[in-house]
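Quick one: the structure is below, questions incoming.
Going in written order, the chains are labelled A, B, C, D, E, F, G, H, I and J, and every chain counts its residues from 1.
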Amino acid sequence: MQYMVRMTVTLPPDLDPEVREQLVAAEKAYSQRLQQEGRIAAIWRVAGQFANYCLFDVASHDELHELVSGLPMFGYIQAEVEALATHPNSIR
Amino acid sequence: MQYMVRMTVTLPPDLDPEVREQLVAAEKAYSQRLQQEGRIAAIWRVAGQFANYCLFDVASHDELHELVSGLPMFGYIQAEVEALATHPNSIR
Amino acid sequence: MQYMVRMTVTLPPDLDPEVREQLVAAEKAYSQRLQQEGRIAAIWRVAGQFANYCLFDVASHDELHELVSGLPMFGYIQAEVEALATHPNSIR
Amino acid sequence: MQYMVRMTVTLPPDLDPEVREQLVAAEKAYSQRLQQEGRIAAIWRVAGQFANYCLFDVASHDELHELVSGLPMFGYIQAEVEALATHPNSIR
Amino acid sequence: MQYMVRMTVTLPPDLDPEVREQLVAAEKAYSQRLQQEGRIAAIWRVAGQFANYCLFDVASHDELHELVSGLPMFGYIQAEVEALATHPNSIR
Amino acid sequence: MQYMVRMTVTLPPDLDPEVREQLVAAEKAYSQRLQQEGRIAAIWRVAGQFANYCLFDVASHDELHELVSGLPMFGYIQAEVEALATHPNSIR
Amino acid sequence: MQYMVRMTVTLPPDLDPEVREQLVAAEKAYSQRLQQEGRIAAIWRVAGQFANYCLFDVASHDELHELVSGLPMFGYIQAEVEALATHPNSIR
Amino acid sequence: MQYMVRMTVTLPPDLDPEVREQLVAAEKAYSQRLQQEGRIAAIWRVAGQFANYCLFDVASHDELHELVSGLPMFGYIQAEVEALATHPNSIR
Amino acid sequence: MQYMVRMTVTLPPDLDPEVREQLVAAEKAYSQRLQQEGRIAAIWRVAGQFANYCLFDVASHDELHELVSGLPMFGYIQAEVEALATHPNSIR
Amino acid sequence: MQYMVRMTVTLPPDLDPEVREQLVAAEKAYSQRLQQEGRIAAIWRVAGQFANYCLFDVASHDELHELVSGLPMFGYIQAEVEALATHPNSIR
């Protein structure tokens, strides 16, 4: 099942640069693992903002929550989650 | 270039059923043509709402506007458009 | 899987009383069938508003959309859908 | 009487991990006691957010306020409270 | 138990004057009956708006909903309901 | 003249407990003095929130501002003020 | 006492031109009478909108409500009212 | 002096097509005259919406209001006006 | 030309009292100078809030920005600026 | 292609003055370079706010994101990005 999750990330500008770097690296590794597993179907950067659209493809709400709340940056993230049904006009 | 467009459709409940049917059919044909052309990369229904996420893949803002404003239901649509950049964590 | 759906219903005050009565009756029959099937786990009236919380228990986003968009009053409804995961503190 | 309370919890990311752990544990114990007493009828996690829906079943507004404001995390919580009446379509 | 209900009334400007007059008269009679019964403890006009604060004093959410949804103007009203607990500083 | 003032109080969770206690005590003394003087006609706690409705009864806007801005917790308060006129349906 | 009232006027575009003209003329006469009486201290047009700021100077909330709700266009107006106290930096 | 005006246009979908055509033509002629006069410095379509950014360059607020309120479509327009000062980083 | 500027001031409650006092004094001196020059035509306190309406009367947007951004408290201020045109009903 | 980007900048009032100065200087140099390259077509200050409209003219969303996220003040900026299509009434 697919969920569209729009995430706005607010890292404090005065965050220790090293901590920031580790967070960014950890987030990248975490995200790419989920992409390789197909549990993140796609991820896009919202141009001009520290925000993204992330298309999750998982089996349940619990799994979605586990993955989103497991993001290294979760404490700095405001997530809006929308459950996606099949669109009647979709040819896929 | 990709744009995420979230569309909320508000058809008046007392719209002539025939007009509604024609609109829905025209919208389907229009959308499916764009999907076949690859100009709509994907479309999802927001579960529980007469709304959708539509991922456009076009060459310019003008083309995006032409396609969205050309939707048969455009007069009944509130569209939020966000330009999508490549996400640094994306493996695609 | 469970979804919390908050629905605000806006029936035009000048709606033909007969049409209103049919809608209300059809909505009741539809809702009670889903409750008997266990696909609506519970439904509450928001005190003071023509609005409700409806706890759906279904197998997929598609099924949720089918049920919500199938509501006789759907054309008059603004629905906010939130996917519910198991709460770590829940004893159920 | 039942109240639907949607709570968004904002714990500072740089909160001392020990303090966080104690808060989470205290919140769990507190919540589970109220569930055993039947004063919290159910609690769900909003998938993807540090937020929950909590269905309180208590005798008065005062009791509701006492329980919500007594939550160990109350200082970090934004609560939206809605009083729930019996829905005319409910079969319970 | 007390509820603060803020009601915004939107009567269509082109409503038949007679219908408007009947509504206003019916609303007045209804409201004054509830005031005499003590179920509306007080009602104030929000200066400059067709809106009011109405302090209900009733035994349950169901009773509140019955009274608010029974208002002759209910179809034209947007109501915000807040349950009121005893304030620790109140001397009453 | 009467004003309905809805106040949301946001005390930092990490406020020194002693400072918090002094503030709460000072706020109580201040509020109760105004209630005894009749300048606060009533005060209610919004159930589930650190917020209140406070019905001021004073002679002028200046006096209202003096009293609200004189609250010991004023620096932590977001106040929404609405001037209240006599409601045509009020029996008081 | 002074009140700042920001009014947004929404006249239906298809309003009978004659009705519109009468409304505009009646509003002008009404407003200018109140200005001559000093009960409207000043009125400004919000540039680019069918909206205005109107500074009322009256003796009570009741009088304010009487004057605002007496505006010929009141049924088409959304008014935001703020009570104005003397500013400590004002030299008037 | 320059003003950035963001206009959202809401034409009723069931507007008589001839009326719509006349409005669109009149709006175009009006806008292009102001552009030739240099009083509209630039106009852009917001991609995907019946909305635009319009950069006015006029001598006063009165002139701005006269031009915006003179738009043939003014009755269908929600305008947000922001006064633009010279940016300290601008090289123009 | 006139601008209505609504300013909400948010001074941190734990701001050093001396710094606060200097800010308040500097703001007063600055504001009163502009009032004497006629560049602030009037200033009102929004009753119950640390906010004000300030009516500027200056020659250009640049001058407005220079004056507002020059306020000693500018860093703590959220300003909403609206350009004011002459109202057709104004008798001044 | 053109994008209208409205940026609100929130620098902490207690930011080290030297850091502030460096940020402002770096932002100016960065912005002016992009203006000389034609990648920022124009930039305006929103009068009365620490905010601006910035008209970008770049080849892709990726380039827009690279430039906006590369702003020295990016960590303190809330950006709203709108893609601009050619307006049918534009004479340019």
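In this section, contacts are C-beta pairs under 8 Å (C-beta built on N, C-alpha and C of every residue); 3 or more make two chains touch, one makes a residue touch a chain.
What you see is a predicted model, and the numbers here were worked out from it, not measured in a lab.
Undergrad: Determine whether chain G and chain I, two copies of the same sequence, contact each other through the same residue numbers or different ones, counting it as same when over half of the numbers at the interface appear on both sides.
TA: Counting shared over all numbers used gives more than one half: same.
Undergrad: With centres defined by CA atoms only, which chain is the most remote from chain B?
TA: Farthest chain from chain B, going by C-alpha centroids: F.
Undergrad: Find the geometric centre of each of chain C and chain H from their Cα atoms only, then give the gap between the two centres in Å, rounded to an integer.
TA: 42
Undergrad: Suppose each chain is reduced to the average of its Cα coordinates; what separation in Å results between chain A and chain C?
TA: Using C-alpha averages as centres, the distance is 29 Å.
Undergrad: Using mean C-alpha positions as chain centres, tell me how far chain B is from chain F in Å, no decimals.
TA: So the centre of chain B lies 49 Å away from the centre of chain F.
Undergrad: Quick check on chain J: which residues sit in contact with 2+ other chains?
TA: Those would be 2-3, 45-48, 61-62, 64-65, 81-86.
Undergrad: Which label fits the chain touch graph of this model best, line, ring, star, complete or other?
TA: Topology of the interface graph: other, matching no listed pattern.
Undergrad: Taking the top-of-page definition of touch, could you list the pairs of chains it picks out?
TA: Pairs flagged as touching, ordered by label: A-B, A-C, A-D, A-J, B-C, B-H, B-J, C-D, C-E, D-E, D-F, E-F, E-G, F-G, F-I, G-H, G-I, H-I, H-J, I-J.
Undergrad: Going by the contact rule set out above, which residues of chain J touch chain I in the complex?
TA: Touch residues, chain J against chain I: 11, 13, 45-50.
Undergrad: Given the complex with chain D, which residues does chain E contribute to the contact?
TA: 1-3, 60-62, 64-66, 81-86
Undergrad: Okay, in this complex, where on chain D does chain C touch?
TA: By the definition above, chain D touches chain C via 2, 4, 27-28, 31-32, 35-36, 42-48, 52-53, 82-92.
Undergrad: Quick check on the complex: what are the chain E residues that touch chain C?
TA: It is residues 3, 5, 61-62, 64-65, 68-69, 74-76, 79, 81 of chain E that touch chain C.
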